[in-house]
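Written below as structure tokens is the structure these notes are about.
Residue numbering begins at 1 within each chain, and the chains themselves are lettered A, B, C and D in the order written.
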Amino acid sequence: MVAKKSEVIVRYAETDAQGVVHHATYPIWFEEGRSDFLRQIGTPYSEWERMGYFVVVADLSLRYLAPAYYEDQLVVETTLQRLKKRLIEFSYRICRGDEVIVQGSSRHLIVGPDKQPCALDGDFFARLNQLLEEQQPS
Amino acid sequence: MVAKKSEVIVRYAETDAQGVVHHATYPIWFEEGRSDFLRQIGTPYSEWERMGYFVVVADLSLRYLAPAYYEDQLVVETTLQRLKKRLIEFSYRICRGDEVIVQGSSRHLIVGPDKQPCALDGDFFARLNQLLEEQQPS
Amino acid sequence: MVAKKSEVIVRYAETDAQGVVHHATYPIWFEEGRSDFLRQIGTPYSEWERMGYFVVVADLSLRYLAPAYYEDQLVVETTLQRLKKRLIEFSYRICRGDEVIVQGSSRHLIVGPDKQPCALDGDFFARLNQLLEEQQPS
Amino acid sequence: MVAKKSEVIVRYAETDAQGVVHHATYPIWFEEGRSDFLRQIGTPYSEWERMGYFVVVADLSLRYLAPAYYEDQLVVETTLQRLKKRLIEFSYRICRGDEVIVQGSSRHLIVGPDKQPCALDGDFFARLNQLLEEQQPS
């Protein structure tokens, strides 16, 4: 399984009146983890959409272990758990130093320009697998 | 000038670590004020987009007079200041009871499906003016 | 189990470039469902915080069944699944007419002003249970 | 006048149904510009709050010149226009390569832990001015 790390510095707008990061911010950081994962392996998601593949979220779960604060420097570790032609699964760990503060997972379906479920075509799927094989083990 | 009122209850996600509503929330409430203004006069903005008219923000200004808090019940007063075929201007007052807490204004251009500036066609423009004339004075 | 309904009209700011509501918007609507649930039974969450009880999210899961669009009128059905002195669980269904578009659940811990886990005191816990018993069956 | 540059990559959550960055995202990037400005000169805003100085937005204005898109790499140029003991002014340019896409300005007041307007104390004000003098001309 390939994993990639992305850095996030907490924005003031991401905090709430409890003085901590609002819990609905983490799904956005997970999404950024996915975006950055795809950029790092060489296939930015904006290219997927130009090819007519829209990745939509089917399931999302999060476990909140500790709060984060404004200006915290966090690392989002994004792991591709499964890649099939119609389904993609990721897991995430958001860390502050050695401490895991939030972990979670998401499942995604592929839809076409008509927003109906579809499958990645064979060539693109093969290219993705090729890019993944070229990554350093994590 | 036609004005309309919309109610907002402050969401927890709209607060920040200072314990007050984050300042970037107010442009969203202004936008909701515009949306609700158009719904109230009988021409929802989603219909504009289906007709191929996309209203984009050209200028925005806000003055922050007092903070708002979670669960505050606020009223957004949205006034149409100017309606031309290529340009729309609104002003806003966000009030808690008798107190104005934020005021502002925005200017908007019309763009077409190609995202290039365009003009509202004569029939639609006439219909908008008709709808505005039918409103009760504010 | 007591359930309450809250209405939401989709804001433009809640959509994304796929033309649908962004998936990180739903946790905010769940939170609004909880806020409105507590307001409807007569114990607004802002009062909880004034008493020194801060409810934090421990777990959150969502299943996305269908997209929502700008200006959709949605109903958030919030059900209190469990109320203990240290733990609260809710489930949610977000509906457009008869169609469930998103469902989910959340678990919450109570923390005190020092942000350490604590228990609701006996009197407040009894009052909550009293308020819940007074609700109409859903 | 001291200016600092910060990089932003557009997040999917920051786009809207027009396929572009939602206009309420830019005030958040301005705020990040300010945060990063203060970090770069050596006085992170989280330290200000620990000292009991809360910077609140009094006025904000934005001019939108061109849209931005998901995964665009943007630069926020933040210029400190005025620093007084009770008032701070910044201006901003958000650029994609050589193109300015959004520009704006903001004025800020200092409030104390009681949320009442106050002045920066003489020592901290002198230290800020010292830090600013040490910066490279922009």
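Criterion: a residue touches a chain if its C-beta (ideal position, glycine included) is under 8 Å from a C-beta of that chain, and two chains touch if they have at least 3 such contacts.
Here the structure is a predicted model, which is why all the values come from computation and not from measurement.
A.B. asks: Tell me which chain's centre, taken as the mean of its C-alpha atoms, is farthest from chain B.
C.D. replies: A
A.B. asks: Taking contacts as defined above, which has more of them, B-D or C-D?
C.D. replies: B-D
A.B. asks: Distance between chain A and chain D based on Cα centroids, please, to the nearest Å.
C.D. replies: The computed centroid separation for chain A versus chain D comes out at 28 Å.
A.B. asks: Quick one: chain B and chain D, Cα centre-to-centre, how many Å?
C.D. replies: From the centre of chain B to the centre of chain D is 25 Å.
A.B. asks: Quick check: how many Å separate the C-alpha centres of chain C and chain D?
C.D. replies: For chain C versus chain D, the centre distance works out to 34 Å.
A.B. asks: Name the residues of chain A that each touch 2 or more other chains.
C.D. replies: In chain A, residues 12-13, 17, 24, 28, 31, 49, 69-70 touch at least two other chains, as defined above.
A.B. asks: Given the complex with chain B, which residues does chain D contribute to the contact?
C.D. replies: Interface residues on the chain D side: 17-18, 23-25, 27-28, 31, 49, 54, 56-64, 67, 115.
A.B. asks: In their complex, what parts of chain C are in touch with chain D?
C.D. replies: Those in contact with chain D are residues 12-13, 15-17, 19-20, 22, 24, 69-70.
A.B. asks: Using the touch definition up top, name the residues of chain B that touch chain C in the complex.
C.D. replies: Listed in rising order, the residues of chain B that touch chain C are 11-13, 28, 31-32, 35, 39, 44-46, 49, 69-71.
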